[in-house]
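Presented sequentially are two complexes of subunit A, the first with subunit B as partner and the second with subunit C.
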Partner chain A sequence: MSADAVTTAQDLVVSGWAVSSPYGLGRDGFTTGLREGRRAVATLDSEQWPVPYDEAGLIPGFDIKAVLGRKGTRSMDRVTAIAATTVGMLLEEYGTGLAADPESTGLVLGTSGSVQSIMDFTRDALTGKAPYLVDPARFPNTVMNCPTGQSAIRHTLKGPNVTVSGGAATGLLALNYASRLLRGGHATTLLAGAAEEFSVQRARLEQVADHGGSAAEPLGEGAALFLLESGAAARDSGRTVLATVLGCRFRAFRSTGRASAVLKSCIDDVLAAAGRGPDDIALIAPGTPPGVFGKEEKVALDGFAAPRLAVRPLIGDTTAAGAAFQLAAVLAESAARPELADRLALVTAVDRDGTVGAALIRLG
Partner chain B sequence: MSGATGGTAPRTTPRHRVVITGLGVVTSIGTGVDAFADGLRAGRSGAKPIGAFDTTGFAYSNACEITDFDPGAWLRDMAAEELGRAAQFAVAGSRMAVADAGLTEDDVRARRTLVSVGTTDGESRDLDHLIGLQVAEGEDRLDATVARRVWPGRLSAGIVRELGLEDVETVTVPTACAAGNYAVGSGYDAISSGDVEMALCGGADALCRKTFTGFYRLGTIAPDVCRPFDADRQGILTGEGAGILLMESLESALDRGARIYAEVLGYGLSCDASHPVAPDRDSIARCITAAHRNAGIEARDVDFISAHGTGTKANDVTEVGAIRQVFGDELPRTVSIKSMIGHTMGAASALAAAACSLALREGFIPPTINHRTTDPECAVDCVPNKAVEARLRVVQNNGLAFGGNNAVLMLGHWDANTADNLPADAAAAA
Partner chain C sequence: MTTQIADLSTERKAEIKEIVCDILELELDEVTDTSLFKEEHDADSLRTIEILASMERNFGLVLEQAELSRMVNLAGVYAVVAEAEGK
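Here is the complex of A and B:
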């Protein structure tokens, strides 16, 4: 097992990150909250949110116009605002020089859009004076790439603009999609991550979903985004390498009982590809899905001694953004503990529709 | 290796050439590759009055609907009610693509695979149903069976489950109306980099009230038929279906003696970052140029363009303007199969890629039907109304989407008997 800690020019690195989470906007609250183990899920106002849940992990006081201003927000929906806000924070803190080359800078965002926007639009069609009397300005909100496209418009990102979706594995799928775009020469720098909103309709749908035999757990919302580029590009831009992406691997299970075995294979594969072993892993951020899915993930991770960072119990089920928040938690922990530099972290996901994924990163 | 590496960053690893060896199509002019090819050659129209939802109150309501689809014929593991209509189309397309490639499903299971499905609406048709129930019967009314299948991940996960794949990366790409090209492009990168051996990529969408209503409200639904590039064009007809391409490395295809439809030469992406629905000429031109560079070809190599060609006033003028910006005055023939199958949203560029593959293999250019008088503002030879025979080497497939999301795919002819398959240079460049 080599311990090559030198970042080569071809390595894909994370050189910045930003979060909007139930701890508030920004990395500081997220980092402190997670490290204190403080639960950010709170009681819901049932007047405002008529949903079959008592609690949720909402971004505290998130108000679209207060955060983004009045311009361009009249018809903006919540998930789009969450995405655009987080993209803005990432660029503000880490994006020096990117504005000079907007055509080489893109966004790969994991999201399934807003079921609330889609259903509201059809509700207007069904309840208006005529079936076509809908607000045309809200039509783009009903297409799932709206958060991705709108974020590009607000922040002039003219490179590849891609929306991906895959349940609990979404964040890792977005990371891998972005890695391929960079390796394929389609962009120099990509913002990659995922976003999710809390809404009445999402809550109604999620409540009856498959939770692996358990009751539905509280939902959360937010976004986590990462700046991804080659080690050389980071160096040229004067950005610090926060982590190096060593690999992502995915598999599928048809029967739930296979989930642990296929996830274990993914972990073994990313370790083997990186020339590393289980003892090199210093940190694990599992998805901790409910019911049998969580049990399967736990079994797959049984042989690994590294401490676990459990994000979901603290911020709620952020579905599309879940795995991105797990990666953000790893970076938060790494920033707070410099001794983790050059050690490995593992992020895992088990999705109810049959996807498992593992991402291996080197810290520092 | 020559210098044309495509894009802005140098490629760092050896690349595999990527070919298309299987096509699975579900369309309003035919299901299955033979029926689709016949329909394209004959210039068949899928336009008809909408039956998918009640259109009372609309002055006109044609669409390119599929009226003969039987999900039970394609699903084995899952009950039809576990998948929405778009996912059912995707599964059907995948099964067809595997069989069309001369593979068994066991063959696919034995390889590391990517399944990537583009979509605009996912299962919005089901969301229409669910909100309809709330409106009619009360806020608390929920059809749990339908509610469980609405998430877009199911479009790709349904394929994986039905084919029993295990060593697979499963991703849905909801990048709106260019999503099919995004999915095929990601498959090209995944195979060419050696990440996977095989890919099932494309797009799927089902007709829904939500999207028909939105386009109707924008004044972009044609009252009768879709007439791309015509002086009297009045807009789109919404459509539905799925197009799934089975892609593999050239070595893999040659090893097993597979029939090759076409080689994927490369693709380009760009984002307008200007307006959510109005297309941007410069950005589309930039996307076309990026695709040519990524494929290692020049504009003059392109034998025909399968345009996004929605048949709206704005799209056709802007798109042809962008093409002109790249190609100058010598425009290749530029057609729109949306005249036949309507705007199938996330499936559109995938079905167009399937049409391009057939065109390259069989040597014809599909027509733009319903055409009367070409608009001088978007003057192209759109191969009006009748397919033409043509020996083709390079074909360009445009996909443009809401959010200013552009994706252009380049496909090349493959002929095992000739040494001068065009992308020799492109492959060397890569």
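Here is the complex of A and C:
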């Protein structure tokens, strides 16, 4: 452990996590489903979801008012409800003592907001009797920080409130942003992660988007959130350290053919900074995007022998939440296999718009 | 204020109350004609704009933003709608 001694004063740990996923609400279904390799993508009801897809990974039976109650949900959109629900689950299970200091507890959420809400509102303005005859209560849904802001208001998180958007790398970017906030002393505890919704408009856009030369894969939805704090703060609050964040690296590629090289340099950098090597990695959760992006990621990971945890084939393409689900899958696997304690896990992402990212964590 | 404006029908008042209670997420018996939206029912500025916009959309009216200052309770909303419909 000597290599880590220098980091202990400032070490950032994950001391809790919560998921809303196509396996249902909560960690148990997610963990069991992933470990069984059970596919959570199911046939879509084409009347409820008139989309160019036959199947999707929806949170089963997710009904906003049934989950969150009637109060404050009249104009709430799906991604906001998914985020608020997951924040609530995380706080309920791990939030002991956080309410006493709401100013020091914040939320860093990866999301690009709701394209459905944006398009609905715009359509109402264009098709109504007059442009201003829209439902003003739905306006807040059209800005991308709505899920983050509403979740914090609902759960009285008065610390930093940050929305991060970065395609497939979003979850890792949020983790990194939260790490910086904590290191800078801007908060004591942060909820960090990402959320995505399934919607008709998202499906129609994704259907015609660039998937690295491959056909569009089924979409998924949900949120994965992590409680992030210093090791000392976790111990003081009586929370168990589930993982230590050793670092994140991000780079951009100009041409797709360079993605593997830049991702490889992210991985090499983050390993070198932690004083570790490829053989220390016991688990890899890649983004497994389709087409050429997936091939590039695979090439970057070629020299690593550790087993792969593929989440996307089981729950669908959860876009903004994808990397957060990969990290959640690592924690699920780690919880089920205590022998992984002190070993390293690597989470990688390749986004079609040119961002790659890698996060290195120590388990247990 | 003049007295020539016709009072709203019971049905119209009921419709308005239904809309307002829906926006404020309150039961019908929680709101009286004079209970204040902001002070007594925790309505924020967005909720009051929602009430104004719903009146415009549901009843085909055009209301000035300035009317918001009078729409502090149901009685105020009734008066503003009655005036606009009387025009």
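Here is the rule we go by: the second predicted complex is superposed on the first by the 356 of 364 C-alpha atoms of A that agree within 3 Å, B and C clash if a C-alpha of one lies under 4 Å from a C-alpha of the other, contacts with A are read in each partner's own complex, and residues count from 1 in each chain.
The rule is simple: a residue touches a chain if its C-beta (ideal position, glycine included) is under 8 Å from a C-beta of that chain, and two chains touch if they have at least 3 such contacts.
Model, not experiment: these values are computed from the prediction.
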| item | value |
| --- | --- |
| Room on subunit A for both subunit B and subunit C (clash or fit) | fit |
| Touched partner set for A:70, first subunit B, second subunit C, both or neither | second |
| Touching partner for A:134 - first (subunit B), second (subunit C), both, neither | both |
| Once both complexes are placed on the shared chain, angle at subunit A toward subunit B and subunit C, C-alpha, multiple of 10 degrees | 60 |
| Partner chain in contact with A:54 - subunit B first, subunit C second, else both or neither | neither |
| When both partners are placed on the shared chain, which of subunit B and subunit C touches more of subunit A | B |
| Subunit B versus subunit C as contact partner of A:262, first or second or both or neither | first |
| Subunit B versus subunit C as contact partner of A:339, first or second or both or neither | neither |
| Distance in angstrom between the closest Cα atoms of subunit C and subunit B, superposition on A | 5 |
| Common interface residues of subunit A - those touching subunit B in one complex and subunit C in the other | 132-134, 136, 140 |
| Subunit C - residues contacting subunit A, complex | 22-23, 25, 46-47, 49-50, 53-54, 56-57, 60 |
| Contacting residues of subunit B [partner subunit A, same complex] | 5-13, 55-58, 77, 119-122, 124, 127-128, 130-132, 134-135, 139, 142, 144, 147-148, 150-154, 156-157, 160-161, 164-176, 179, 182, 186, 189-190, 192-193, 195, 209-211, 213-214, 216-218, 268-277, 283, 286, 290, 294, 401-405 |
| Residues of subunit A that touch subunit B when the two form their complex | 10, 50, 102-104, 106-107, 111-113, 115, 118-123, 125-127, 130-134, 136, 139-140, 142-146, 148-150, 152-153, 155-167, 169-170, 173, 176-177, 180-188, 201, 204-205, 208-210, 230, 233, 250-254, 258, 262, 351, 353-355 |
| Subunit C contact footprint on subunit A (complex, rising order) | 70-72, 74, 128-129, 132-137, 140 |
